[in-house]
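First, the structure itself, so that you have it in front of you.
Chain IDs A, B, C, D, E and F follow the sequence of writing; residue 1 opens each chain.
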Amino acid sequence: MKLIIAYIQPERLPMVKLELAKAEVSRMSVTNALGAGAQAGFTETYRGAEHEVNLLKKVRLEVAVNEHFEQRTIDAIIAGARTGAIGDGKIFVLDLPRCIRIRTGEEGSAAVG
Amino acid sequence: MFRKVAASAAFLSTLFVPAMVFAQDGAEAVEAVEAAAPGLDPMFVVNNLWILLAAVLVFIMHLGFSCLEAGLTRSKNTVNILYKNLAIVAIGLLMYGLCGFNLMYPGDAWMADGIFGFAGFGLDPGVDGQTAAYADGAYTYYSDFIFQAMFAATCCTIVSGAVAGRVKLGSFLIFCVFFVGLIYPIIGSWHWGGGWLAERGFHDFAGSTLVHAVGGWGALAGAMVLGPRIGKYVDGKVRPIVGHSMPLAAIGVFLLWFGWYGFNGGSVLSADPDTVSFVFVTTTLAAAAGVLAASVVSIIVSRTPDLSMALNGALAGLVGITAGADVISPLEAVIVGVVAGALVVGAVLFFDRVKIDDPVGALSVHLVCGIWGTLAVGIFGTDKSLGAQFIGVLASAALAFPAAFLFFTLLKKTLGIRVEADDEYKGLDIAEHGQEAYGGFQVFSTQ
Amino acid sequence: MFRKVAASAAFLSTLFVPAMVFAQDGAEAVEAVEAAAPGLDPMFVVNNLWILLAAVLVFIMHLGFSCLEAGLTRSKNTVNILYKNLAIVAIGLLMYGLCGFNLMYPGDAWMADGIFGFAGFGLDPGVDGQTAAYADGAYTYYSDFIFQAMFAATCCTIVSGAVAGRVKLGSFLIFCVFFVGLIYPIIGSWHWGGGWLAERGFHDFAGSTLVHAVGGWGALAGAMVLGPRIGKYVDGKVRPIVGHSMPLAAIGVFLLWFGWYGFNGGSVLSADPDTVSFVFVTTTLAAAAGVLAASVVSIIVSRTPDLSMALNGALAGLVGITAGADVISPLEAVIVGVVAGALVVGAVLFFDRVKIDDPVGALSVHLVCGIWGTLAVGIFGTDKSLGAQFIGVLASAALAFPAAFLFFTLLKKTLGIRVEADDEYKGLDIAEHGQEAYGGFQVFSTQ
Amino acid sequence: MFRKVAASAAFLSTLFVPAMVFAQDGAEAVEAVEAAAPGLDPMFVVNNLWILLAAVLVFIMHLGFSCLEAGLTRSKNTVNILYKNLAIVAIGLLMYGLCGFNLMYPGDAWMADGIFGFAGFGLDPGVDGQTAAYADGAYTYYSDFIFQAMFAATCCTIVSGAVAGRVKLGSFLIFCVFFVGLIYPIIGSWHWGGGWLAERGFHDFAGSTLVHAVGGWGALAGAMVLGPRIGKYVDGKVRPIVGHSMPLAAIGVFLLWFGWYGFNGGSVLSADPDTVSFVFVTTTLAAAAGVLAASVVSIIVSRTPDLSMALNGALAGLVGITAGADVISPLEAVIVGVVAGALVVGAVLFFDRVKIDDPVGALSVHLVCGIWGTLAVGIFGTDKSLGAQFIGVLASAALAFPAAFLFFTLLKKTLGIRVEADDEYKGLDIAEHGQEAYGGFQVFSTQ
Amino acid sequence: MKLIIAYIQPERLPMVKLELAKAEVSRMSVTNALGAGAQAGFTETYRGAEHEVNLLKKVRLEVAVNEHFEQRTIDAIIAGARTGAIGDGKIFVLDLPRCIRIRTGEEGSAAVG
Amino acid sequence: MKLIIAYIQPERLPMVKLELAKAEVSRMSVTNALGAGAQAGFTETYRGAEHEVNLLKKVRLEVAVNEHFEQRTIDAIIAGARTGAIGDGKIFVLDLPRCIRIRTGEEGSAAVG
């Protein structure tokens, strides 16, 4: 199994969810995050003093999938998140040796889906 | 960066005008103050005190508007909204002093009889202005001005709500200078200034039409020229853009209701116990009825009681009773409020259906219920003519809407009136102000 | 879904009643307004103006209650609390107009002498109501009504605080119709309406008992019938359920204090400089003393200064002085405030010990300090009898508590009064309204 | 833990003093109330009513200060700020009753002629205090007291803003007892109490110097003795520490502006229509001008319109006009406001340059604009002497600043006045109160 | 070493912490998250318009443990989080090759505990 | 590639960013978290009732790097975050088999940087 972590632009989340749904991936976890990447930040001014903000709002997705879902999940995320502009985000794929469903105690592939 | 500079330049230009003139009220004024005092008529003192207190109550309505508008929109636009509303108050007060007051109450200085008059720039109480002679012992010149000035900014604040979340700050403030400095007082002069509408028996006690509907027409024009916020109407469906703070919205509505006692009560223009207490009762009952009616209708429509609708319902009732608070009986006030409360919910749905995006329901509250309230005077008021009320509604619409529409269109063609999509996503707080409203808070915005 | 529909139906039913009758006040009222005006006594005008302003000040207390209650509870119940409080105000005002006013001030229309009277449905100023003749030149009929009406909703708002976070909206609003429409005015009639308590020399200047303790008894009944919120008392220990916004709570308390000048000051029922200024001073000092006493006691108890206790302390002092603000000297007012401030902290601990869950301290503030304030009149007031004060306290308890307890129990057996555990976890905002109070904010709730 | 106990002990000690004495005002007071009433002069009643209402308006300014200060600082210090401000109000009111009022208005009880007088502890209206005889039919003794008492706490609240985020609660409250109980009333006695400054023709209508600059000097002393917050000035550069809630800040400023109508309007000390309405107009125009000027200057300085600066601009205009609201013409009021609005932005930058950390801009608003407003009277006021104004500014500085500086230094050497770095990181809410302001919210604080 | 990630219902966190403490696991990190899974969402209405919310509030736990603590940690989480209802959550177990304590620079097993 | 997860004290974030910049690591993602570790919590009191808070505010960093950046990234984080006091935090290093840049679809080392 794989654990797919994706950082995307917050406003692309609805699209990404849509694409994932099309790819029959309906389970996921979402957190909000701040990201520094190639994207330029902005200058915040407050009472005459300036400071550079380069941690921008991002959404972090975590999706656990079975091996044969790995690529279609990645494709779906890209389909939903890509605008072609800097800041579109990254996808990280980790190996997921074990997965357990708390409710039933099921393990492995059965638990992921 | 260029955008910012342009917007700033545009904005700066709005500030020079009011600061420039203000001339007549110089030394004489101060001297006038020094005089007076002994042998005052206590009735004059108490009447005048009430007008001043009413002005203070109307002032706090601006905080009400600010809170309501901020609460019902997303957190990423909060700084912008607060700034806009603060600036509107400042601009409104100064413009009204500069020219608005003298356009609205031209006295004998009519240029086109009953249609347009102007008594000159700045404030000038004259010899008797600060004595009982000014208004039959009801209030002084400066009390008159301050009460009216507090009203004036209101009509722009109404527009502000409808254009929230996408309008360019500088352009909008220029619109305000125009609207509060020219359009609002001219329409006001037709009725309150003793112009042609007054002569036709039109009755608009505290401004369902003259303030609320006029602001509402401006709001309609603004919302139409701007178009909806990104993401509001997607594939023909309405996607709610949820406000970020219901407590702020509730504070806003309670403060507006609170201030409305000054708005309506002060419009009696004296402390006459009979009329003021009567106006308090009708105002209160209409607001209460508006809350319940909007609640019931929103329960019917969405199966759950919608707080933002109940809040709008209170305002709907208040706007509705404003035209006739002095001539509509308490029972009828309940009816006016019930109808207004129902109307406001229907209107919100309607404007969404026709894809006019009004984040805070300004059109539904001020325009729709303002018209309803004005017509209600014709329906319920003794000796009031529904015809005259219609004429008043139409006449003010005929000036306010096209003027606002043209001005907004002009701005669109020149300075631009809408921020770029990217800035709309980021939020106007960062895009236009480089600031955030809630430093440190994790706000999760995927719209 | 069914729950929602049932609750909505229950809720809808609460709205028809007030909207139905309201009859007498039709055409005559309007005519009455048209008359009057010339030859007014300035004293009448200023007295009346003060009552109206006091009514406005009392009105804003409802915002104070809303903010305090919302601030001291969890964010997931905020929409529900704001909605409840807005609806209470609307229902309270309309019910008071429909029947409350005429139950509380039956005039000659006593049915059981000094115990129960009713002057009919709706508002009717009669011939002289809007003139100085109505109340010896103090205020008009409508001023009288509006001032009293603003008070009325208060007693339900007190209940609201104690049942927050778990009560079903529809059922609670039905309770309000009953409590504000019947119980509150009947008890009020015994003293303020000139009934049997008034004859026995009971003194409750502005309502420590008649408003606050009566509300407090309702709150106690509600909290007992409902039971505590899930997770408040676990394994015999108190687990604090922390409020979500201390700024909201502070805004609430300051606004309540602000409005209390109308509550107590207006209860002078005239603008008499001597008494009103005296009442302002006693009110202020008691509140200030309450803050400090509650702070000190809370420091002793929990080793840190607890803001929510200090805030409750201000209210404790205010509730405490309310019964005797006109007859207790400034020094004694400080003592009343100190005792109230200490009492409120002790009472919060006590109610937690006996596992009566009162999220905002409504029982401690309004019930406990309401009783203390009433008895304080017997202790400090010249020519006041402690016995009479006791009788007043007991009598109002004897009606308010059982009536509320029975009505809540009845609701429990029929419509149900408590939301399901699951909805309590989710929060009433989503469960009952399908809305969130803070759109976009990340709120971390593990309770 | 020890720190907490020590701080608590220090704090407790501040509470005994005011609670102890308060003696004279016992039984007589109550009797005095019982008398009076018939044959009242309506002018007395209306004048007195206005003073009382003005006191209520000034009261709500304390909520304004609380909101502004909380909004412009980080969320982790919010409980602390709200607590501090609530306690200041309570301490201020009680101390003023205990001794402040009689220090500020010693009547004949001057000990050092025109410099120091004291009419004894506690409140005592005497025989005529509650009648028209007390102040020529303008107000009663208790009205006088309550209006002045509401002012008193203000000067400590100003200090509070400048020391926010790092001061120890207990020590600060002890400072307040000293400052509001001694320094503020002594300086006040020089002018308003009829002392030596009054004789020299100094004119400070409502307290640009006596309230605002005095508070500002205390604030400067506090900020200097304490030093800046950790992380404000790093490697010679200013790192902004962003406030956590702009809506709170905006609510604060609007409420302050609202209350200022009582602050300035009530300082007329009668309801004289001419002067009060004049004061309302100058007050309003200066505030509006302050908003626009601060906006423009902040746009020039930071290329974006800074909301916190615009908000400070409103206050700057208000503080600026406070000394001369009765003698400066409307046009000149606009100028006073424009200068104040520009000054406040410059001052914020200046204090940051000299590394005096003032989280809410209290120095820039109250000290700088307080001085400007006082001098403006000399510049614009007819028959006013710039020299006398200078003397007033210097004299009050000469007492307020050194006294505050010494007292803060004394506290520093004894109890300590600054929390430890670790507590500053954690935030004072957890460190000093063991509470959080926003239960459940995820606040991301890396400062 | 293993990095255990668990998504649980927010209101179960106190129980889970209790069970972990019993299992002598006292170190953990917690973030709030939104999750889409088998659990049904709810309908939000705002000003007459409806939308489906299917991202529900969850709590995300991250616990790094030594191998021989893996199973007892999982058991403890299940013991604390299970109610038997849909939405109880999932546990993901990742391999954790390296762990460093910042304060001391310690690595490996010593750093985890 | 490696995925480095670090929990640090919130107020050390600016330092850590500075040190990372020096080490030429400019991409990262940040979330806020609550952590229980060796660090003692504090007692919260509310309306007379006390409860122990042992979940303290922490900042969670996630940095994906190429193998040869692993150590310098770790060193930089330690340099920025260490104060020597309990609560300084932990660093967890996971294997990262796959990394994709959404904008370009690039994979592997090219996508990480």
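Please note the rule applied: a residue touches a chain if its C-beta (ideal position, glycine included) is under 8 Å from a C-beta of that chain, and two chains touch if they have at least 3 such contacts.
All values derive from a computational prediction rather than experimental measurement.
The chains in contact with chain D and with chain F alike are A, C. Simply put, of C-E and C-F, more C-beta pairs touch at C-F. In summary, the pair chain C and chain D forms a contact in which the copies contribute largely different residue numbers, shared numbers making up under half of all those used.
One rotation lays the C-alpha atoms of chain B on chain C, and its angle is 120 degrees to the nearest 5. Separation between the centroids of chain B and chain E, computed from CA atoms only, is 51 Å. Between chain B and chain D, the centres computed from C-alpha atoms are 32 Å apart. The residues of chain D that reach two or more other chains are 42, 46, 49, 53, 242-243, 245, 251, 302-304, 306, 308, 434-436, 441-442, 444-445, listed in rising order. The set of chain F residues that touch two or more partner chains comprises 31-32, 44-46, 94-95. Listed by chain label, the pairs that touch are A-B, A-D, A-E, A-F, B-C, B-D, B-E, C-D, C-E, C-F, D-F, E-F. Per the touch definition, chain F reaches chain D in the complex via residues 10-11, 13-14, 32, 42-46, 57, 59. Residues 238-240, 242-243, 298, 301-304, 306, 308-309, 345, 348-349, 352, 361 of chain D are the ones that touch chain A when the two sit in their complex. Residue ranges of chain C in contact with chain B, taken from their complex: 1, 4-5, 8, 11-12, 15, 18-19, 22-23, 25-27, 29-33, 35-37, 40, 42, 44-46, 48-49, 52-53, 55-56, 59-60, 62-63, 66-67, 70, 78-79, 82-83, 86-87, 89-91, 93-94, 97, 122-123, 130-132, 139-143, 145-146, 149, 169, 245, 248, 251, 432-442. Looking at the complex, you find that chain B touches chain C at residues 41-43, 46-47, 49-50, 53, 57, 74-75, 242-247, 250-251, 253-255, 257-258, 261, 265, 271-278, 280-281, 284-285, 287-289, 291-292, 295-296, 299, 302-308, 310-311, 314, 326-332, 334, 338, 382, 441-445. Remark: chain B residues 231, 425-426, 430, 434-436, 442, 444-447 touch chain A in the complex.
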